[in-house]
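A, B, C and D are the chain letters, set down in written order, and residue numbers restart from 1 in every chain.
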Amino acid sequence: MSPASPEELRTITISRMLDDHRVVFAGVGAPLVASALARRLHAPHLSVVLEGGIIGVTFRDGSLPVSTNEMRAAFGAPMLTDITDVFLYAQAGFFDYGVLGAAQVDRFGNINSSIIGDHDHPTVRLPGSGGANDIASLCNKLLIVTSHESRRFVEKVDFITSPGWLSGGTTRCDAGLRQGGPAAVVTELAVFDFHPVSKEMRVCALQEGVTIDEVRSRTGFELTTVADVGQVAPPTSVELQTLRKLTGVDAHQ
Amino acid sequence: MTDKVMSADEAVAQVHDGDLVAVGGSLFSRTPMALIFALVRSGRSGLTLTRSLTCYEAELLMVSGGVDGLVTSWVGLGLQWGVSPVVRMLVEQGHAFHEEWSHLALGLRFKAGAMGVPFLPTATMMGSDLEARSKAARVTCPYTGQELLAVPALVPDVAFLHVHRADKFGNLQVEGYRHMDVDIARAAKRVVVTAEQIVDTSEIVRNASDTMLPHFTVDAVVHQPFGAYPGECYGLYEADMAHLDSYVQGLRDRGPQAGVEHYLRENVTTRATFDDFLQHVGRDRLAALQQQAMEMTT
Amino acid sequence: MTDKVMSADEAVAQVHDGDLVAVGGSLFSRTPMALIFALVRSGRSGLTLTRSLTCYEAELLMVSGGVDGLVTSWVGLGLQWGVSPVVRMLVEQGHAFHEEWSHLALGLRFKAGAMGVPFLPTATMMGSDLEARSKAARVTCPYTGQELLAVPALVPDVAFLHVHRADKFGNLQVEGYRHMDVDIARAAKRVVVTAEQIVDTSEIVRNASDTMLPHFTVDAVVHQPFGAYPGECYGLYEADMAHLDSYVQGLRDRGPQAGVEHYLRENVTTRATFDDFLQHVGRDRLAALQQQAMEMTT
Amino acid sequence: MSPASPEELRTITISRMLDDHRVVFAGVGAPLVASALARRLHAPHLSVVLEGGIIGVTFRDGSLPVSTNEMRAAFGAPMLTDITDVFLYAQAGFFDYGVLGAAQVDRFGNINSSIIGDHDHPTVRLPGSGGANDIASLCNKLLIVTSHESRRFVEKVDFITSPGWLSGGTTRCDAGLRQGGPAAVVTELAVFDFHPVSKEMRVCALQEGVTIDEVRSRTGFELTTVADVGQVAPPTSVELQTLRKLTGVDAHQ
């Protein structure tokens, strides 16, 4: 079996953070795949919710949904409702986790998926929030999964599409967001958390074979660390095999 | 209760230049494509399109000159294909405006319209640059003192929907997810619907708890099987990803403007009706999509 | 998702003295009577009952000493029989409080709780003495300047529901009208449900669009056929008007206090379980109500 | 066939005010029966809505519903939804008519169904608003049907459960109610409307054989009249027969 790709590594790492019997509001892509993986392994009673109005997604090997509203996402779910309704459950505090990817993320866990450059004269007009802002605003705990490049890990995002801790400290709460906030960021290099008071991102644990200097060199802002930086356990063959069955990548390649 | 059955071209006469048009469904699911095609053909202009997750249908209307602004939470080619080259081109060059709200905030804007109130309070979007750019106001709870975002009601001039079943009066039922159709239709001044099937009211009555919208919210009913093609209609047919893929390829080969124009010529402007377009697509192809949907939902 | 199936007595342990208890259904329709009976037997006190249209179930709880206040839009014996003599007696003598909201205002108070916002704006109840007495505040739309009534979120400590079908995790489905059950349950801190049938999740999945509430809103599931008796359960059994009529007659003959006490002794406090009470009612009688419902809905 | 009872007379009179193809939000009792009658006669496409969540009530002869949420009200309707939802249609302006009975009504069409006497020490605690306040607040046009007694027709109701024109003039609009307001009151003696400016109730047309003095003597406030007071056409035998079939009263008694 070939070793885990960076994407597989991220997906496996974040899937471990989803406890059984909880409810996760997952964005498409890695968040959805990680949720599927958690259900296959340690969290068979994890409820996966999609903004397309689908509560309790079940997953078929090799046939994961691409978007949040399509038949393969809906079939097998115990509840189909409307889009706004799903977000209102989030607003009422029913969702334990939100999981999001990020085109750009900054030291306070703010995410940009709207605009690169200036708002009125954008260099790139990206697709926009979709439900990302709401997931970041309303879920009880936000987990972020993204590839690790210094152009993605910036001091300050060009545009805050989805709020993290805003400018740190109490600024998120001051802005009116009483719920949630980012709890962890997962990349192929490391796992990060946020300082309980300053809300700055800090290195929490390193992926296998990665040094702290490597993480720093690929991060666009100054990084602190927790007191004793841990090691992320490498993917087990069961994790990797199960993941590849789910995604339809040949498990024996 | 009056008989509201008419053709797509007649129904699209409900749209006037400059209108705010809301499109039901979401992404490639239950998008009222027959109405979008008829709207392209109608030559209306100065329209604003509003839809929470929008893609290909917006590109067609923007390049054909009908739409010059979007009120949305997300616009792309579809998750497989990434950013919309048409929107990038038009927005980055300043030829179209793109007003962005979060998914919930836009949903609540429709819901406020549907509920008949000028705003709704919400805890979403606060503190972000979405809030800063939206110029949305805040409101203070008179009981708790909590500050909330007040999202303003959005009242479309016309809403387009595609549904599984309608009776001639406009009682509507769908299978599967409802997207934002209910709030969009209740908020809109006029509602135009295509239906896979026109059924007798007695069939609506049989599953009265499944009725999504009552007749008095609806102004026009068009009978249009495959009316969401090339998107999906839950349980009936899958999206035609190959058709959409070749559309995307056309944009990549020819550039966004010429690519969409070519697509419109091939599929929309030279076809008198949506049925003509479907015939051009081919019966076997449609049957295969039905087969896929059946396999996926049973 | 955890298995939440338990007995009515275990489920009623979710209620504590002094709680605000919301009761689902409406009037004599899908009222969770098995839970009401269990609550009477539990001896809880100092409860406030909230329900939009309330009748007999409130009288039982008020006379038995459980409930000393109502938050409601309407309370009577039922439309056939007029004013509630128990409520008249207790309210007119100052022994119980009766907080009155309009039907919509109370519905929106639950909806605000369900939506997770501390208030909702509405155009109802304004200018009336209901507004004056409610001490409800007003709020001004920051966009239009329109003044609206702000109804405060109502968050019950516990909600009681009765449904047609539940799985063991608490995914719930009903037939017919939903009353205010969805908003009540989503607003409440704890939700206790009786179900005519406990089914496998696969059966819920089969009609996923009909699911009224998802499992994570629900804390306890009780299997209780005829759990809404003597009220109706849509399509399954009609209300037992003769039983209710004899209850009303008892109040007229004995006076409200003694009449209810007599009824409780005969039907509630001397019966260990709701099934014992149903046995006392008699199988033939229940079968006749099923027959009536079948005739009425087919 | 016996002549119309006072209740039948009121029901027939108000049923004529419901136009075809419209939507009526009906309270139970006479309002519901009048709506049923209109559907049987001149308004077969009238949609009748009940607060129980029932949109498009159909009616069976001799088996009219007693309450707003029971199987006999629901069966045959094209849409069943929830209670709050129905009222939100009203708030959004979808309902052409609201029709209500009244325990007490005053010169500005305000209705009391809550309390007789003082609020804190009531003489009689009545059942309360239910949906009456909302119907009166939100429907585009309010029609009131009630029996004519001076204790019911009062100068000022003890408690405004359901708002009419409040204190007349622009007071309803000033209080924040931008929609609706009472258009007519129907009794067994007469039909009333409201002065377009002062909003005072005034006699519009008399039931057959009734004099204006009789109306005045049974009304607890001073009554004006329109310029030329009309005559309400007496019930036709078709109206009476159809009504009695609906209510289950023998049509040949």
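Assume a contact is a pair of C-beta atoms (placed from the backbone, for glycine too) under 8 Å apart; a residue touches a chain by one contact, two chains touch by 3 or more.
This one's a predicted model, so the numbers in the text were calculated from it and none came from an experiment.
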{"item": "Both-way neighbours, i.e. chains that touch subunit D and touch subunit C", "value": "B"}
{"item": "Whole-Å gap separating subunit A and subunit B, where each centre is the average of the chain's CA atoms", "value": "28"}
{"item": "Chain centre separation (subunit B, subunit C; CA means) in Å", "value": "39"}
{"item": "Whole-Å gap between the CA centroids of subunit A and subunit D", "value": "57"}
{"item": "Subunit C, residues touching no fewer than two other chains", "value": "116-117, 122-123, 138, 146, 148, 176-178, 208-209"}
{"item": "Subunit D: positions in contact with at least two other chains", "value": "74, 80-81, 88, 91, 138"}
{"item": "Those chain pairs that satisfy the touch definition", "value": "A-B, A-C, B-C, B-D, C-D"}
{"item": "For the subunit B and subunit D complex, residues of the former touching the latter", "value": "1-2, 113-117, 167, 171, 186, 201, 204-205, 208-209, 211, 214-217"}
{"item": "Touching residues on subunit B, where the partner in the complex is subunit C", "value": "116-123, 137-139, 141-144, 146, 148, 150, 152, 175-178, 208-210"}
{"item": "Subunit D-touching residues of subunit C, taken from the complex the two chains share", "value": "26-29, 52-53, 72-76, 78-80, 82-84, 87-88, 91-92, 94, 98, 100-105, 107-108, 110-111, 122-130, 133, 138, 146-149, 176-183, 232, 234-235, 238-239, 293, 296-297"}
{"item": "Residue ranges of subunit D in contact with subunit B within the complex", "value": "21, 23, 45, 47, 55-56, 74, 76-81, 88-89, 91-94, 138"}
{"item": "Sites on subunit D touched by subunit C in the complex", "value": "28-29, 51-54, 66-72, 74-75, 80-84, 87-88, 90-91, 110, 114, 119, 121-134, 137-138, 159-163, 166, 171-172, 175-179"}
